[in-house]
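Structures follow.
Each of the next two complexes has chain A plus one other chain: chain B in the first, chain C in the second.
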Partner chain A sequence: MLLGIANFSDLCIFICGMISYVLLGTQGHKLLLRPTLFVLSAHLWLKNCRELMPSSYNASRFDQPVEASVWLKNFRITNERFLKQMKTQQKYIWSKREFTDEGHPLIEVIDQGLTRVKNASDSVGIVLKELKAQCQSGTFKLVVGVDGVNALWGQTTLRKEDKSPVCVFYVSCTIQKLRLLKTGPSNNGAVVATVTQTGSLFTPKAAYLPHELLGKDGFDFLDPFLPIQVTGYSEREFESCYQYYKDRHWIQHEKAHTEDGKKELIFLSNRNPAVLERICSFL
Partner chain B sequence: MSNMAASRGLQLLTFFQGCRRCTTALFLFNSKSVFFRSPYAKMTIRRICMNMPLHGKNLAAVGPEKYTEEFIKKQIEQFNLGKRHLANMMGEDPETMTQEDIDRAIAYLFPSGLFEKKARPLMKHPDEIFPKQRAVQCGEDGRPFHFLFYTGKQSYYSLMHDTYGKMFQIQKYEDHFRAKDLFSKDEKQINLVGTRWLTKEELEELLVESISTHDYRRFIQLMERILCLQYCSTEEEYILKFRQKLEAQSKKHIIQPLQYDEDGIAFIEGEGRRKAANAKIILHCNGSGRITVNGLNYLNFFPVLQDREQLMFPFQFLNRIGQYDMDCTVSGSGRSAQAGAIRLAASRALLSLVTETEAESLRQAGLLTADPRIKERKKPGQEGARRKFTWKKR
Partner chain C sequence: MSASIGRFLRPWCPGILQARWSKYNPYYLEPVVSKEYFNTPETELTDEQKAERQLKTTHPIKAAPSNLTSSVFSDPLVSKFINMMMKDGNKVLARSIMTQTLENIKRKQVEKYHKAPPSEKDGIECNPYTIFHQALENCKPVIGLTSIQRGGKNYQVPTPLTDSRRRFLAMKWLITECRENKHRRTHMYEKLSQELLSALVNEGNVIKRKHDLHKMAEANRAFAHYRW
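Showing the complex of A and B:
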């Protein structure tokens, strides 16, 4: 999972919260066993959205049922065993006849969101809120991964029905994530976030520092963080990635299995992980 | 005669202006008499028979000879004289003046702004300017000189006759040996490597007569038949007259010398062009495959995979990926043209680091050929180079 975040170069990964927990590389994957880890892709949520509905929870905000339901499905598959253990801490009423009682496993909330697509975004919000609350109380450790966190403070292409632009803060998912990312004094988790230019809108291509990409608001919000610069693959990393792709049969071309083919891949991708992935996907 | 009168005057220069097809000789000099070219001036009255061309334009049937032999000789004299004058003017040695020096001198003395190169003033040997003419073929009484005159293509048929005669001789020679039982199959064959048969145009030039493709093919077939004979080396001289040497293409490429910078690392400069893009590269020999284009990493400059593949091509071909560093500056045109320009520059730079066989293989692969395609000119009356305006019926 952590590899998935680290697969984009020319970006900074920064960590807030407890620094000692999240480190990239070999130490990182040990965290996967105990706490929950879930990855959000902020960029995907805030652009090219087909349906934008006014939120059922708060009328001034906007919902994204499609993205929310997709995310819920993935989240459920990856973190199922933890979710069965976690219980809700308050009662949630969905509609006149449907509600989730206090003390029920969180999975029910997710299922509710999946079945009733209208309530999907709300259930996402509930899940995030619950996780944060329970993490703070100390039952388990939480690691949140956000890909493209600069999208939360950037501009969007989302528009209302009358074609007027929507401010980022009026999208419910942003509010949910921001609440999640806010660090408190007794935080029992960590956030691993990436700042990328590749998916962001209206940012110059050469920008890659967090200051440029996050803007003043974002920078202040995430302020005490640890910036980590990720460069292209080193020799060992490239070798391991290459072997992984070969093992998974991504690299189909016979010539790519040779030494020369490897050199060609190095040249064409210039050891950039994202580019290498794109090349290997059809090789 | 009037010719002699003209030459007595001070001739500054003789030069032939105008395109070669319609040559008009102008004589520039101080003397009072002006010479008008007239083909019949000196010629005694001769009856020249007109033979109808059998098909197409027959060089033989041009009509009355435009340029007599004396006329051509005269031109050559005047050309040589003019050359000496020119050398005198330019301060060069008249004995060692080559055609290139003459061209340069003329371009200097008569600067022309015309775009068409053939329309500019030129001074060349008369043999190159006046088209080769056939000598008069019929005598005073109207009887032709050559026995094959009435075939219409006398030179061609006489050539075929000669060639067949040679073949017949070779066969007789062979039979002679066979009769004596000395026929050996290991005779030395003619070396035809690096030569090709004359093209139809060249053959026409040689015969001063136009021939059809069918005739040409028959001739080549006959020559091939001769080559199949075992003892054809006896007529080697005759056969080689009809073979044209091929130039070695690889000699045309200029190999850049290696230069050394401050750290002692060898580097080579290369230039390349494609469409309207110009690229200059510096190829460092001890490198690890780092390429910089206009200050940016090549991955950022060429986000498209296709362009990077073009950059990789010369190195991949020689199996030397990752051995060199490159520093490129490129400008003009679009991304694909820029990539092509850099590729050409890289191939040219690599020539100095590569063996001869590898250089030949590079040339064969087409990496050293500059792509001649350019944007086609927009024509008036059309919207683009080929696109016409929308056709409206009314």
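Showing the complex of A and C:
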């Protein structure tokens, strides 16, 4: 389904559906060969945050050191070989004595974010900015995957210390991601995003279309895009998923190997891949 | 006809009041959930089964409890364990802990399986349910101790245990061990999976507790004749 995506430039693609799992699964497989793919989960950043600190870079914004450091760690592991080749284009001063010079590999920025947790969000912002700039100059192809893009324009449960609610646009991670998602005319990359109701806050359960979930602002921002609807597994897809689990010895229950067990799995999961995964995890 | 049945369907009090008792009149029959029971045609039933079906046409049936399913994946032992782990009626939490435990066990075993050389692959058990059953079997004590009073003193006398009592003791020890002897930051499912995997190979604190009970029973075997 997503075979030709990496060849598109100047196109912002949407997957409109109830399941982000399917997207990320196929995404990971098909685009392994392309340099720099990274995936963000916008929902996780904008709710249930324990530590919300005022940003060191811009005092009016808020930082999330925990989520930023977790993301940096994962990003580093998945994209290490590309990060060693990419160089910074600007000098970044972290504090009085620490700075990263121009021309140093990007890995140093990430390491700085991981060691000094206070600067983690800033280093995330720097990484995104650098990647976008270098992608535009044509050295690398960039594919950005965002899970739950509608979180960036929705409401949040984040609160300041005096329990007053925080607007989404005051969180530094949203600003960073919005800048990244803005496509210019000569872009050498693609954005694949999902809109989900499952993680989003204050949206009705029946809403699944991009217009309902993104709101007017989000929709205008991401115009033009290609909506692709992702439905549950077809019979062939379910069969292949089931055979894959069996082959990897993941489905261990004796009864699950029978016809009755398989029918029951179809019934319980309603062919929803996420639910099927959760059921098969303990079978 | 209706008057005689009505006599059985009225609120009924037994002769002796029990501590934990079913409020149903003994006239009521248990519900049946298995698909095989209903899918067998008339011709294949034995005389006993036919008489049973005849009985069901006249007797009322108890309401089915909410944890009774016709699912092929339902396991009575696992359900019992979940009920014992449950606190304040929070079945959702207890069940989720159990499913996470099973997943954790399966994950560890499958990882071991894939890393092992082909000669050892057959020996590694990956099915979390068989592991759970076997581990519980290994934790069951063979003999128990009861306190009997003779001549003013209380003696610990070794006695045989019923199957249900043994199963209860094994589950109880497993749950109390995992609740108390763990680090503050480890999750229940993590600790439970570790205990189950070590009980599978007859190691760990629960097995130790079972062996301690056996040793006490062996030490007190002189008092065995105090049993009635």
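A few remarks follow.
As a convention for this text, the second predicted complex is superposed on the first by the 250 of 283 C-alpha atoms of A that agree within 3 Å, B and C clash if a C-alpha of one lies under 4 Å from a C-alpha of the other, contacts with A are read in each partner's own complex, and residues count from 1 in each chain.
Convention: a contact is a pair of C-beta atoms (placed from the backbone, for glycine too) under 8 Å apart; a residue touches a chain by one contact, two chains touch by 3 or more.
Worth saying up front: this structure is predicted, and the values here are computed from it rather than measured.
When the two complexes are overlaid on chain A, chain B and chain C occupy overlapping space and clash. In the overlay built on the shared chain, the residue A:S281 is in contact with chain C alone; chain B does not reach it.
Using the contact criterion defined above for the overlaid structures, shared-chain residue A:E264 touches chain B and also reaches chain C.
By the touch criterion defined above, A:A256 lies against chain C but remains apart from chain B after alignment on the C-alpha atoms of chain A.
Across the superposed pair, chain B and chain C both touch chain A at residues 260, 264.
Across the interface of their complex, chain C is touched by residues 248-250, 252-256, 258, 260-261, 264, 281-283 of chain A. On the side of chain B, the complex with chain A involves touching residues 289, 297-300, 305, 308-309, 312, 315-316, 319, 321-322. Chain A contributes residues 205-206, 260, 263-264, 266-270, 272, 275, 278-279 to its touches with chain B in the complex. Of all residues in chain C, only 71-73, 98-100, 102-103, 106, 110, 113-114, 126-129 touch chain A in the complex they form.
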